[in-house]
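Down below are the structures I want you to see.
Two complexes, one shared chain (subunit A), two partners (subunit B, subunit C).
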Partner chain A sequence: MSFNVERLKTLAMTSLVFAATLIGWQLAILCFKIHPIILPSPARVAAAAWSERNSLIEGFCITGAAALLAVLLSVLLGTIIAVLFSQSRWLRSAFYPYVVFLQTVPIVAIAPLLITWFGYGFSTVVLVSCIISLFPVISNGTAGLISVDENLKDLFRLGDATRLQTLTKLRIPFAISHLILGTRVSAGLAVIGAIVGEFFVGNGATGYTGLGTLMTGWQNLARTDALIAVVLTSTLLGLTMIGIVNFIAGVLLWRWTAGSGFENE
Partner chain B sequence: MFHVRYVCLSLLAVYATLLTGCSSSDSGPLAASNDSGLQHVTLMLNWYPEAEHGGFYAAKVHGIFEQYGLDVEIRPGGPNAPVAQELVTGRVQFAIGNADDVLLFRNQDVPVVALMAPIQNTPRCVLVREDSKAKQLADLSGMVLQANSGRPFLNFLQSEGLLEGVQVVPYAGSVAKLVTDPNTAIQAYSFSEPFMAREQGVAVRALMLSDIGFNPYASCLMSTDDYIAANADIVSRMVIACRDGWARYLDSPAETNAVILAANSQGMTAEALKFGVDELKPLCLPDGMPAEEIGQMKHERWSQLIEQFRKLKLITSERITPENVFTTRFADRSGAGI
Partner chain C sequence: MATTPAYFGEPSSASGIVVADLTVSFPGQPPVLDALSLEVSPGEIVALVGASGCGKSTLLRTIANLAVPASGEIRFSSGAPSQRSSDLSFVFQEATLLPWRTVHENIRLPLELGRFKSEQRTGDIVAQTRQLVGLSESDGKKYPRELSGGMRMRTSIARALVTDPNILLLDEPFAALDDLLRSKLNDLILELWLIRQRTILFVTHNIAEAVYLSHRIVILGNGKASSVVENELDWPRNAAQKSTTQFAALYGRVSQKLAEASRA
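This part shows the complex of A and B:
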């Protein structure tokens, strides 16, 4: 009973803030007489989104597929790298600079280079997205694997556990919540990465048409309302991605995540 | 429920701020004269300074603006130059745009009007290597075409069925790929990129969009409905000065080109500018058009372009007509006050 009331309250607050944002947006336009090419009204954006719904849905699916694939790759690669890092401090210090490269790489500058190496296509978009989304998984995963409670490590030592047993029975279970945190960050970044990749890969005329392609196209056509609609669509994609990660974490890993603050407060 | 109250209160505060902001706005930029008695206006370019803006620079370089009582500040643009936004906020009074932009802006309810069009035939082309199999725009199938998305000429090519079997990818910003790969075509302006490709030692062929019936005026001088209505005299002097500037530029570009070169930090060269003017001349004054008609615009050209854009669904607004997208009433010298 109290659970339902709490939920209703949360829902009411969310809707209130949403409605208030829309009202504030509309009010600002009316008050300052802002021209729609500078800031279109919510109604105008909604109309543009409706008339371009097919392109937006297609873009959502294509960019979403690229970002999802990139996150999967990141989790896979990132976890492997994190496990290797957790096994040796030498390995960590030798390879950490390359990991930092992933975090700091100006992707806009190297995307054209990636295209000359890998061509114009879906796989290059996935690659760009993966480069951006890999770091949080490695970083959080490694942190989780090496920050195991010393007392627990002692306990394993007392029981004569092997290195492999310590890894699979202690370090990895302990690191799961860190990995999930990293994956959540990575899921949001993957959307940005895919869109940036599409700036260089896609052209609406023929072939690839993701959300990033729509953005450049509508910007060139001076369609601010449609541009905002596609920006909101990519936000929706980001939320969906994070939702998927939370869902998977909640369903598959409930044993480990129940107490880690991902479900409710 | 404290937090709900706080949220509501802060929202009210935000709205109140917005409402008070309303009353204090609306001190629009009025026409300002400077110390020398010249009328100061700003002209915004749609790209980095190049030969396509030559006549406007020439009017400044040769004191033609001054002669008509104007002090014109030319503000260079670049990629995604917010021309429509600057015009609609009144931060600039004049701007340069191609006829296709005029229609696209109008379709977004930005009330821009073309006042003169120095470049009659569009320099827009698709550039291929001379050893490419593409002899005309109908031969692009099987090639990779680098072009910016959301440009109307692409929609036109597509509607003509000329992009079938063509892989269209974003323009990479240079002729590099074209130079190394005979299967690549790039979007280009006939007065610019062909020179760069030849500089790299590659012979190229420009496939002109105007040859297949897509021909928007280029480098039009634009202003807005409001500004024109309130400042007919300034607009009139501006239009005449720009036309004189273009006549002067096509005739003797050397001095102006030196100024453009100094204003362009994108690797422009004197040779490229010289090539640019030579290529622009036949586009500005095609088929024996007399020099005194430079900058003219024809009703049927605008009406044809509007027709094409409607068919391509690039414009949807019913209100767009030739009458409200261009005017030639300021081209008459007797109205220029001098």
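This part shows the complex of A and C:
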């Protein structure tokens, strides 16, 4: 019961901050007479969002699909790589630096390269998004797989567990909450990656209409109200993605994640 | 008291442990165990006491094949050295349960691994072992986070017993529990021993526990078994013995030997 009251309190506080922001925003425009091209009022943004609702919904779906696919790929690839890293110190020291390279590579710099190789389209957006969201899964997954409690490892050693048994019955279940944490970071990054990918893909005028393409388009038309609407839609997409991960963690994988804090969010 | 489950082996299948000139050292440090020799008869309960860091746990871990000795030998009276860990179980200081498994599934774990892996139905064995340590059927469905410290430790003991080991090694298993729970679990160990009479070697910091539970108390100091105190308390043990002069005398002797070992 107290748990629900806490939730309601959090919701009330969040809504209050949101309302205060809107009022402050509207007042600032009235007091300082800010031009709508610089900063449109909340009402204008809402109107733009309503009139462009079809584009925004379509953008939400397209960018969302790209980001979701990228996260799925990242989780799949990242888990496989993390498992391989956990099985061999040699493999880890040989390849981990390249994984860090993946994290440090400026995605804006290689996006044009990817377009050259894979063309202007959905698959390039997914790829850009995947590259940016892969690292947290690998690093968290590897950390989880190799940080298993020493006593638990001893327990498996005492039982003469095979390598496969130790992996499937100990390391992987132990690493699930780490993997979820990585996936949550990855879900947020995937949206950024997809939008960055769309900045480049959109320039190819291929009829692709993700949120990133809408952003560049409306920026060129100086439609600040619609631009803010699309920014808010992207935020909503990011939150939705993280919500999906939390749902999977808290509801489907509760056996492995209970006690890791997912149920409180 | 619990009755002997049908699947458990005969009391005669306990094995003894012979530790001969065992030296264990870690890189850059003086040896933790220095040519230590110790003999534990089949079905005997031996308590290991000693100052912190004197190598009690290391000895247990080496016997369990979890640490590699620099020299010396460990033999079991019912097995060749190469199969040394084949019929022993280990209870850690922490309950060391898998949080994603229920009590029942935690107890079953050893039966799913390596050499114990069996195709036959393990449900009955697990249920009997759970009952043996005093956990109910509904406890069996709970997850470790839903259990008290005592119940977690009972689960851990059940997991060690499920393979019906000949030797049970306990590494300060009750150190983290309060006195009441500790004495309850001490009685559980005695009860289990009376049923199965397996060899038990346990490490403790608690002298009263060492006296109450053992046939013999071995005091470790300077990497060796510095002295041995024979425990003449009558069997079966009961809590009333703790207030006898005989118990107090034994307690005093162990304390004195322990102090001597620490000074040396």
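Criterion: the second predicted complex is superposed on the first by the 256 of 265 C-alpha atoms of A that agree within 3 Å, B and C clash if a C-alpha of one lies under 4 Å from a C-alpha of the other, contacts with A are read in each partner's own complex, and residues count from 1 in each chain.
By our rule, contacts are C-beta pairs under 8 Å (C-beta built on N, C-alpha and C of every residue); 3 or more make two chains touch, one makes a residue touch a chain.
Quick caveat, the model's predicted, so the values are computed rather than measured.
*Asks:* Check the residue A:Arg157 against both partner chains and state whether it touches subunit B (first), subunit C (second), both, or neither.
*Replies:* Touch status of A:Arg157: second partner only.
*Asks:* Determine, under the contact definition given at the top, whether A:Phe135 touches first (subunit B), second (subunit C), both, or neither.
*Replies:* A:Phe135 sits against neither subunit B nor subunit C.
*Asks:* Of subunit B and subunit C, which one touches more of subunit A's residues?
*Replies:* More residues of subunit A are touched by B.
*Asks:* Looking at A:Lys169 after the superposition, I want to know if it touches subunit B, subunit C, both of them or none. Which is it: first, second, both, neither?
*Replies:* A:Lys169 sits against subunit C, while subunit B stays out of touch.
*Asks:* According to the stated criteria, A:His35 is in contact with first (subunit B), second (subunit C), both, or neither; which is it?
*Replies:* First partner only, subunit B.
*Asks:* Once the shared chain is lined up, is A:Leu27 touching subunit B (first), subunit C (second), both, or neither of them?
*Replies:* Only subunit B; A:Leu27 stays clear of subunit C.
*Asks:* Contact-wise, after the overlay, does A:Ala222 reach subunit B, subunit C, both or neither (first, second, both, neither)?
*Replies:* In the superposition, A:Ala222 touches subunit B alone.
*Asks:* Is A:Phe60 touching the first partner subunit B, the second partner subunit C, both, or neither of them?
*Replies:* Neither partner.
*Asks:* For subunit A, which residues lie in the overlap of the subunit B contacts and the subunit C contacts?
*Replies:* Shared contact residues on subunit A: none.
*Asks:* Give the list of subunit C residues in touch with subunit A in this complex.
*Replies:* Touching subunit A: residues 61, 64-66, 85, 88-90, 92, 94, 96, 98-100, 109-110, 112-116, 143, 145 of subunit C.
*Asks:* If you look only at subunit A, which of its residues touch subunit B in the complex?
*Replies:* Against subunit B, subunit A makes touches at 13, 16-17, 20, 23-24, 27-28, 31-33, 35-38, 112, 120, 199-207, 213, 216-225.
*Asks:* Mind pulling up the subunit A residues that touch subunit C in the complex?
*Replies:* On the subunit A side, the touching residues are 149, 151-152, 154-162, 165, 169-170, 173, 176, 255-256, 258-259.
*Asks:* Hey, which residues of subunit B end up touching subunit A in the complex?
*Replies:* It is residues 3-4, 7-8, 11, 14-15, 18-19, 21-22, 25-26, 80, 84-85, 88-89, 101, 104-105, 108-110, 144-145, 147-151, 154-155, 157-158, 163, 166-170, 172, 314 of subunit B that touch subunit A.
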